[in-house]
Structures are given as structure tokens and as C-alpha cells.
Amino acid sequence: MLEVSSLSAGYQGKNVVEDIHVEVGAGEAVAIIGSNGAGKTTLFRALCGMLPVSAGQVRFDGANITGRPTHRVARAGLAYVPAERHLFPGMSVRENLVLGAYPGRPDPAAFELVLDLFPRLQERRRQPAGSLSGGEQQMLAVGRALMSRPRLLVLDEPTTGLAPKLATAAYQALHSLKEKGVTLLVAEQQVPLALSLADRGYVLENGRIRLGGASEDLARNPEVRRAYLGVA
Amino acid sequence: MTAEPDAPVDADAAPLGVSARPPRSLARAYWPVAATGALLALVPLWLGEERLMMRLAVDALVFGLYAVGFNVIFGSTNQLFLCVGALAGLGGYAAVILTEEAALPMAAGLVLATALATAVGGLLSWVAVRRSLGVIFTGIVTLTFSLSFANLLLGQRELTGGETGLVVSAGAGFLEDRIAAYYLFLGMLVVFLAVFRALQRSHVGWAFRALRDNELAAELAGVDVARYRVYAGLIGSAMLGITGAVYAHSNEFISPSTFAFGHVDVRVLVMLAFGGLGTLLGPVVGTVVFAVLDEILVDTGQLRTVLYGLLIIVLFLGFKRGVVPAVTDFLHLLARRARSRVGRPS
Amino acid sequence: MTAVVLDGIVLGLQFGLLGVGMTLVYGLGGVLNLAYGQAAVLAAMVVAITLGDGAPALVATAAGLLAAAAGGVVIDRTLLRPVYRLRGEHRVLLGLLLTLGVAFVVDGLLLWRYPTGALRLAIGGEAVPILGVRMRVGSLWASGISLAVGAVLWLFFRATTLGRAVRSAIQDEVGARLIGINPAAVRTFIFALSGALAGLVAVTRSMTSPVSVTAGFDFTILALIVAVVGGLGSVAGAFLAGVLLGIISTVSAFYIGQYITTIVLLAAAALTIVMRPRGLLGRQV
């Protein structure tokens, strides 16, 4: 469904990520793991047109979306949830969700899916998004992205700023999304969480893909264990 | 095609003005000031016979003085004072009222009027710094001051004569001679430019440049940004106040339109943008060019306003740094070429 | 006193609409449009001319609003493009200066072609007593139109997809892009809406007092004051501030005097910036 080939991108002519190859198949959950500053966010921004691509290609559903403006990538069915969430703080939870379906009218089934997944949002539906706690804001960000019934959900560090308990809960929600057949691409520093969710994973280091493979293989790989799983 | 044609990118850090480093040696630092004085001193020899032309030349010089004052405040410390006319008007009206109504000696009136404008300008600057208003809000607050002052002039009829203004009878006799007035204002211009240069070269000037380039870095380097801003506000306002006061005395009468926002501020802004914000000679170049331009456009009536507007647009769109920096760069380039040619072994 | 307050509300509703047009453009484009008042005057002149040509009032008004809206779109799509590539204060400053240039060009052209141009929509009829005060029919029409347009705007921003999209783009432009909104298109729409609002206020003003070709700068300053007091970027704030300032303005004009009133309004803006820069309602959109 998503094919990234030989992609390079960065800021002011300096590449932060280089020669990236990533593939995500329909119904799959794929993790991109790496430490702070490895280039995960840069990669995602380049995917969805928030950064110019200096080389390579992004194909989505067979169409070349390299360098398309963000709003057109979003309308093509690639929903990106950045770590900073970018909610609309002055609008109610409900309005944020309704806008997630832009430009269409909100689909009742999508509403149901989101409120099933995050019952908290139902309780808070009249509150402004800016008044929510960090965990609730993360739920709302994912919920807003789901309202468009995306073909691919791309999440950058969904556990940013969450306490360990909430981080686990967030991943439980992602697990149930995966069971419902939503295709997922997740960037994560908390490698155990990510590998428990993902079918496959890539290790991003200093802007390049160092390793790739099935999650179980990655979890067994001595280098990954040493660098990311805290095992000597 | 780039990703987002409309997405904001970090374009050049300072779209307006430059912060050139002044030369170290005393002679090289001040010769442009002396040369300006000497060149402009020749103008009356050429135009001296024509009273009307001399009158225009005097007005042009006064605008040059305003521009230097504004340059100290905005060009050096990025405080958008949209009250150049109002501060000058404060000086002008105060000087005339103090000598005519309160019967003070002219010198005392001038000093008090200048002090008043300095105090008000300093206060505005202090408030802006205290409340960390930023360029835009500083601009709006000073604009409200400008417009309030203009309304006050119209409203306080008994003191200011309202729309018709005040007749200046006690004006110093010699100032009625346009040539004398010209040399007086030219002298002031030389002094203002020297002060500007001295500021650039002083510790204060170093701080100004530092905070224009990068406010945070300046703050981290131990520059008391707030204090230097207020200093600039005080010095610039003093320049505006005394110019307004002396100008009032050199005129037969003053009226609200003499110091109106649309008349003074807009013109000063355009002159300075053309010449080069924050540069020593920017105000001088702006003064000369716009004096000539006015003379050419004198019969165009309302179309002059249109041309002014177009000029503002073109200047700020395409020519952000102004003439002086562009010429300086060009000269530096020539000098470097010449040096490299000399240095090359034959 | 009742009469003065009622007059204030009539004036204030129009102030409010004027402020909304200014505040929307700032919220969405980061531009303080100093040519805003010129849109109002442009509309007024187009209405006056088409009326003079014998067009019905409604058609003339539509033509005027259309002209002002088109002016806004043209500025947004051409002149301001380089502005949008800048950020923060540089962006506001360049936008300010360029629109100032536009203001001069429009003012100069209009004054050159129509040096004595003015719009006055005389609406006849017996004065109507309201709360014991005899209100002129023109005032009632002006208020009625302002109220209706205000209500329509409110509904538009709360209950329509496009209206919500506008609010979302003001609150978080990146977030808006992420859900598929094209902020540039929304911005162009808002420039058109803003121009039309300025034109509408010029038309309603002309029902109670003539709008002359020289009124551009005054409209701009008034809109700026209202937008600042309401909180730049806040639509509800601008409306509230407009009504408040309208009442303050007629009350002070009645008890103190006309020139003091202008100073009071200016002081309100300055005090807001110094004391509470976010304005009455902050950045609630």
C-alpha cells in the first residue's frame, strides 16, 4: 500500500534521512524504531508533504504522491498523527472529530468506532480540546485521524509525554485498531511496545535504515537487544 | 515542484534593513558625515536666488532630520515608532505655545519642548519594552498615540488653534531668511549623523547591532536589551522633538497637517526604506531622492499618492535593504576584485 | 440616555462587523490589512455609481460587495504571496507595509477619478418609536442588516463544514492541513469575505450618514481598534468589542464631545494592548 523508495529529505538542503526504503502492505502494522534524532519525524514529514523530498519516491496505493501538498496527501487517505498532535484547541472534542471527516460529513460508523475505542472522548465531547489531559489529547488526535476512514494511519511517537500506564493503554487501542483491519505505520522510541504491535519493523539510525525484518526477528537480534531493549 | 508553495519557510532573517559594522578608524568613520555636510552646503549657492526652491530644500532637510531620529529608534532597535510626526509636533506646538503664550525666551521654550517630546517618546519606549510588545503592537500603540495627538490638536482649539493652527510671530528673525534656516538645519543634520555614528561605534551601538541580529543571543551575551531599547527611544525622540520645535520657529505658522501621520510618518518610512534602514547615509539618500522626486511630481495631484503607494510596494517587495547597503556591497566587491588583481603574481 | 445607548448599539453592530473582517484576515493570513478601509470605500463608490446609473439598490449593493470581495482576492493571490513565505513578525510587518501601499494606490485612484464621491442611501419613512425613543428608519435598517449578517456569520462558523474549516485553520494551520484542508484556499475565501464585510459596513453606514471617498483610513483604524480590543483572531471578540465600543463612543460623544470620543476609542486599543494583549476574548475563534 505504501512504498517508499530511495527517499532522501531534510532541511535547507541538508538531508536528515537518506536512501530510505520502507514498505507497508494492506492490513499490516509496521514499526519504525530508532532513538531520538534518528530521523523518524523527518521521514514522516517527507511522506506527507510537509517537507520537500530531495530524492526518491513515495507511492501510495500505486499513485506517486512524492511532494504532494499535505492536504492532498491527507485526502488521498494517508492520515498522519504527529507527535505534537496539532489539535484545534479552541474547539470541542466533538468538533475536532467532525472536522476529521473533512470535507465530507462525519460517518456515524466512524464515530462509533472512535468512541468505542476511546470512551473517554464521549464523556468529554463538549470540552474544548485544549483542556484535555495529554493522554486524552492523544486519543483525540488518533480519533480525529480515524474519522476520515484513512487507508493508512501514520503515527509519530504516540506515547510522547504519556505516563507508562497510559502508553500501554494507547498501544492497546492500536492493537484493537489493527484487529479491525486498519493499516498502521508507527514511529516509536519505546521499542518493546512497538515490536509487540508490529508485524514488521525497520531500525532507523542516523537517518538511514540499518535493519529491517519481522518483529520477532528484530526482537531477537543482538544489536537491537543491546541498543533498544536494554539487554546486555 | 516543492512540497508546499505556500508553506512558511525560514526566509532571510531580517527582511528590512541591515546592521553594518561601522569602520574602526576615526577618519573613516566620520568622513561620510563631513562629506554629506560639505556637499549639501553647496545647495544654496545653486538655488539660493529662488526663494521657493530654498523653502523646499529646507523642508527636505527637516524630513532628513526626522528620518535620522526614526532611524535611531526603528533602524537600530526595531521599535516601530509610528509617531514621528506626533513627537515632532509635540516639540513644535510646545515650543510655540511656551514662547507665545507663556512668554518664555525662545531658548527655554526649545529646551522644554524637546524635553517634553523626549519624555513622551521615552515613556512609549519604556512601556513597549516593559510589556514586551514586539514590533507590531509597538506600532499599533504608537499609532494610537499619533492619532490621539492629532485629535487633541484639533480639539484643544483655544491652545492650538484647531484646524487653522498657530501663527508663529515670535520666530527668531534670522530664521525667516531661508538660507540661514537651511544652514541651521544642515548643521543639525551633521550633528545628528555624527551622533548616530557615535552611537554605532559605542558600546551601546554594539549592543544595538547584537540585538538586531539576534535578540536572544544578545540577551545571553549579557546585553541589557530592555535598557538599550529605552535609550534609543529617548535619543531618537529628542531628535524628533528638537527638530519639530526649531522647524516650528522657522515657519510662519504650524497646523495639525504640518505634523500629520499621513504627511510625516509615511514619508519618513518610505525615505528610509529606500535609503537603507539602520544605515548612516540611508536617511540622506532618501532625503535627496525624495526632494527631487517631489519636485518632478509636483503637478500630478492625486496621482502622486498612487505613485507613493506603488513605490512603497515596489520598495518593500523587491528592494528590502535599500540603496546604501546595495551600493556599499558593490563597492566592497570592486575593492576586493582590485585587491585580488594586485595580489595575483604576474 | 436610552436613545444614546440605542444609537451606540446601532453603531456598535456595524463596528463589530467591521472588526470581524479585519480580525479574520489577521487570524488566517497573519496580515493586518491596512487597505481594509479602502475595500469599504471601493464598495461605496461602486454602489454610488451603479445607483447613479439607475440600478436598483439591491443590485447596486451586490455589485459593490462583489467589487470589494474581488479586491481582497486579488491582493491575497498576488501581492501577499511573498508575505506568506515569511514567519512571525517579519510576516506581519511586510504585510502591513504592502497593504499600506495598496491603500495609497486605491485612495489616490479613487480621489483622482471621484474627488467629491460619496454614498448616501436615504431611506425614507416615519421614525419608529422603540423603548420610547424615536429611531430613524435608516438606523433600523442598518442595525437589522448588521444583526442578520452577524447571526448568519455565527451560524456559518459554528454549523457549516467550511465555517469550521476556517476556524480550524486559524487555530492550527498544520492541523488543518493534516485533515485535508487547503489553508491557502480558505485564506482566499476569507479575503473575499472580509472585503464583502467592509463593503457591507460602508453600505449600512451610508444609511445614516454619508460615506465619502476619503473615509478609507478612518474605516481601517476603526476596524483595527475593534479587532485589537476584541483580541486579534477572535471573531466573537470582535463582535463583542464592536458593540461595546459603539456604546462607549456614542455615550462619550454625547457627554464629553466628538474629538474626545476618537481619543477614547484609540486609548481603549492602546490600553488593551498594554494590559491584556490577547484582547477581550483571547484567541477563542
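Which chain is which? They are A, B and C, in the order written, and residues in each are numbered from 1.
By definition in this document, contacts are C-beta pairs under 8 Å (C-beta built on N, C-alpha and C of every residue); 3 or more make two chains touch, one makes a residue touch a chain.
Everything numeric in this text was worked out from a predicted model, so none of it was measured.
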Relative to subunit C, chain with the most remote C-alpha centre: A
Chain whose Cα centroid lies nearest the overall Cα centroid: C
Geometric centre distance via CA averages, subunit C-subunit B, whole Å: 33
Rounded Å distance, subunit A centre to subunit C centre (Cα mean): 42
Rounded Å distance, subunit A centre to subunit B centre (Cα mean): 54
Of all residues in subunit C, the ones touching two or more other chains: 183
Touching two or more other chains - residue numbers and ranges from subunit A: 50, 69-70
Subunit B: positions in contact with at least two other chains: 5, 10
Complex contacts: residues of subunit C adjacent to subunit B: 32, 79, 81-82, 84-87, 89-94, 96-98, 100-109, 111-112, 115, 183-184, 217, 221, 224-225, 228, 257, 259-260, 262-263, 266-267, 269-270, 273-274, 277
Sites on subunit C touched by subunit A in the complex: 161, 164-165, 167-168, 171-172, 174-183, 283-285
In the complex with subunit C, residue positions of subunit B that touch it: 5-6, 8-11, 14-16, 80, 127, 131, 133-137, 139-141, 143-145, 147-148, 151-152, 154-155, 262, 266, 269, 273, 301-313, 316-317
Subunit C-touching residues of subunit A, taken from the complex the two chains share: 48, 50, 69-72, 74-75, 79-82, 85-91, 95, 98-100, 102-103, 105, 144-145, 148
